[in-house]
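As structure tokens, here come the structures.
Presented sequentially are two complexes of chain A, the first with chain B as partner and the second with chain C.
Right after this comes the complex of A and B.
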């Protein structure tokens, strides 16, 4: 057995054991609140194959993607401007700090109340929740570009657009990506909240609807499904990040820096 | 964040007032939906009036007590578990996937299940707050324990220091700044999740007040509650940073920072 398989086995045995324990332990369960795991999985699978779940998942993920995209565009462009003009940043700092501290889930009712229970208010809520870590990290990233690089670019009279695209944004990229990673986790939470508060589709709506109908197995199943989606999203983001920033990690390794 | 003289303070105030004035103008003229952005003057009236009402303080009290109780349980469970996980490489590898899955779980999704199990009670809120905050604290504690220098841990092993003392004299002090950061992040998160759960499940607290104001179409009141939720979060994290500086004054990282 090589080292990699050993590590994989080390990482996997405990989760597998816990799931197996849950499966066998709940097998004969007659409790209303803790249905057998086999039943939860069977019913959820049924809804996945023949039921409404694929459409719901597409709805939820579509809102998340749109909201996150909006937040990325707004956060990076505003963050670059504020990182570039220290005076503007200093003047706006108290306002930014306050908005960042506001609990964004508390604004979900306002959005849904004003704009209805369709997709748009959910996208806005997600965007508003996601924009802050991206904005603040972009500001920090842009401010952290090495002065030497900037002076070099200026000395060679590289036009501003090119300087922005080839010097500043790449230098700030690791920090921006870290901000997007935080934003993704927030986005999933806001997505679920907005669907539980008021929706007619989506995975959050599925869970709420099941619990209202007292379908305990579906409630558990939907909850586990959301957990799985959350985990898959964060794992695939880390993989995408490794690929997107491969030049950064490579450079850090060559220079012996901490990536 | 940046240096700020008296002139900068005036400038910052002017910008804040300018934004509020612009917002007021937009709301008055009907350029934005008043149910989405009610005019600041109306919000201000509620912000001033709320602290004179007993109902407001009851809501603040139940939200804070649920969030802080959950945080306390998360600290008591998360710190020792996290240190134990971080102190041993095989244990760290074994639990990593499990911790990753649990950490990325959006806790609000558990709300319907928990309401079925426990009803809309303060106890349910405490469970939600605990589940939401135990992972960042556990993770930070394990990072902290992993940051013990090999020389130090080898020395402790060579002198056959008992596990109990290794925990209190080597692992805990080294991990302390990491743990403090974890608790600070978790505190604002506890507040956020508690308010979100109250909002969705109509459990007494700030979140339910927001939901009720929204149902009564009193949008400025919604914003006033949102404002106070933000103030509460800022106050809590400021308090914790102060406590952190005070309690960790002995730590090298605090000395370097000064």
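Right after this comes the complex of A and C.
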């Protein structure tokens, strides 16, 4: 068994075991709330191949992408300004802390009420939920730039725009990316919740619709599907992060630090 | 006499600027804070670096040498007195000065390769990529790192990183190099190599160099002139012209009896910091 196979086996043994246990444990189930896994999978598969799911997934993920993109742009821009100018941070801090502590999902009905149903209120809700970890991590990242690097840039008369692009943001990048990783997880939650009120498509709507119709198998299926989507997004993100911050991880390895 | 505008040594592709302007410090003082709690760090510093000269500033740790260098680099304003280059008073980091920090680990950018680090100040000047990379490659060549351009700083040893920092200052076409204890963070053997590299570069490029160091041997070995800083607040207690055979050589120069006399004299001066008028004596 080569190394790749070994690592794959180490990672997959538990999920495979759990699924197998569930499958055979629930095989003959007549319980309303715990239908056989085989039935859940069959139903979900049916909806994926012939049913509305692909369109729903595209809708939800599209909103997530748009909301996350909005949050990244707003969070990094504002975070850089606040991290760079301590006065600005002091002036805005109480408001920031207030919004940070508020459960953003509580605002979703407000957005729906103001903007109606459709994609836009969902995108704004996701953006509002996602922006906080990105904003706060950007502030910390910018404040934490090595003074030696900033001094060097000053001593060599590097203009501000170049300083921002090639010194400040790369230095803050590990922190910012960590913030985006958290934001992604939050975004998936808000993405689903935003479809509970006034939605006509999307994976959240699919689950809600199924539960209202007491189609328990479909409810299970939709929920598992959402979990799987979240997991795949998270894993893809980690892979992308390893590439994007490769200088950071390679350096940590060379210097013997904990990355 | 060298052509003052452009200096080309054999094997050089890019011209570098030989020093033409003198760095003059007059009555420089630096005080932190105000009123009763004010801390006077520097008092009445007089310093003069002629074009092409190598001057070392020595003094005990904490004497204020780094503060002085930061004022010279335009990173910090002085409280009193002035710093001028070629007669022009400087108030912010001037174009003519290239700074080499003590802690190369914190001044080289880890997300850029060595050659991009060296070219970065030129990018700041708005130079096009092809040209600045060419100049950067030449600068790396002149510090003996012609093959290391594609590596990241954290893949290089301490001595090599410091050489990259020196190459950066050279590529910037600085005519005055300011170095803050540049060799303090490397091992002794590497230190000798870097000292000789500095002397060779000074000879080849005709630049002026100011080195802050606590190492008296290093100061005597490198300098045309040593400025001794001592006392609290720090002031110039003596300026010693070092007259030793050129080119300096690690073994021969240090075996010269005059070397030891310069060293003892400076060490004594640091321990008994009664300020005297600027004196130029031969031992």
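In this section, the second predicted complex is superposed on the first by the 249 of 259 C-alpha atoms of A that agree within 3 Å, B and C clash if a C-alpha of one lies under 4 Å from a C-alpha of the other, contacts with A are read in each partner's own complex, and residues count from 1 in each chain.
Heads up, the rule we're going with is that a contact is a pair of C-beta atoms (placed from the backbone, for glycine too) under 8 Å apart; a residue touches a chain by one contact, two chains touch by 3 or more.
Remember, predicted model here, so these are calculated numbers, not experimental data.
Engineer: In the superposed model built on chain A, check whether chain B and chain C fit or clash.
Structural biologist: These partners fit in the superposed model.
Engineer: Just chain B (first), just chain C (second), both, or neither: which does A:251 touch?
Structural biologist: Only chain C is touched by A:251; chain B is not.
Engineer: Should A:110 be classified as contacting the first partner (chain B), the second (chain C), both, or neither?
Structural biologist: A:110 contacts chain B only, not chain C.
Engineer: Could you say whether A:166 touches chain B, chain C, both of them, or neither, answering first, second, both or neither?
Structural biologist: So A:166 only meets chain C here.
Engineer: Please state, to the nearest 10 degrees, the angle that the Cα centres of chain B and chain C subtend at the Cα centre of chain A after superposition.
Structural biologist: Value: 100 degrees, nearest 10.
Engineer: Please determine whether it is chain B or chain C that touches the greater number of chain A residues.
Structural biologist: Of the two chains, more chain A residues are contacted by B.
Engineer: After lining up the shared chain so the two structures overlap, which partner does A:155 touch, if you call chain B first and chain C second: first, second, both or neither?
Structural biologist: The answer is second: A:155 touches chain C but not chain B.
Engineer: Pick out the closest CA atoms of chain B and chain C after fitting on chain A and give their distance in Å.
Structural biologist: Minimum over all C-alpha pairs of chain B and chain C: 19 Å.
Engineer: Over in the complex, which chain B residues touch chain A? Could you list them?
Structural biologist: Chain B residues touching chain A: 1-2, 4, 8, 11-12, 14-16, 19, 33, 35-36, 90, 93-98, 100-101, 104-113, 115-117, 188, 191-192, 195-196, 199-200, 206-207, 210-211, 214, 217, 219, 222-223, 225-227, 229-230, 233-234, 237.
Engineer: Under the definition above, what is the set of chain A residues touching chain C in their complex?
Structural biologist: For this pair, the touching residues of chain A are 146-149, 151-159, 162, 166-167, 170-171, 173, 247-248, 250-251, 254-255.
Engineer: Can you tell me which positions in chain A touch chain B when the two form their complex?
Structural biologist: Listed in rising order, the residues of chain A that touch chain B are 7, 10-15, 18, 33, 86, 89-95, 97-98, 101-103, 105-111, 113-115, 185, 188-189, 192-193, 196-197, 204, 207-208, 210-211, 214, 216, 219-220, 222-223, 226-227, 230-231, 233-235.
Engineer: Using the touch definition from the top, list the residues of chain C that touch chain A in their complex.
Structural biologist: Contacts found on chain C: 73-75, 92-93, 95, 97-99, 101, 103, 105-107, 109-112, 120-121, 123-125, 152, 154-155, 168, 172.
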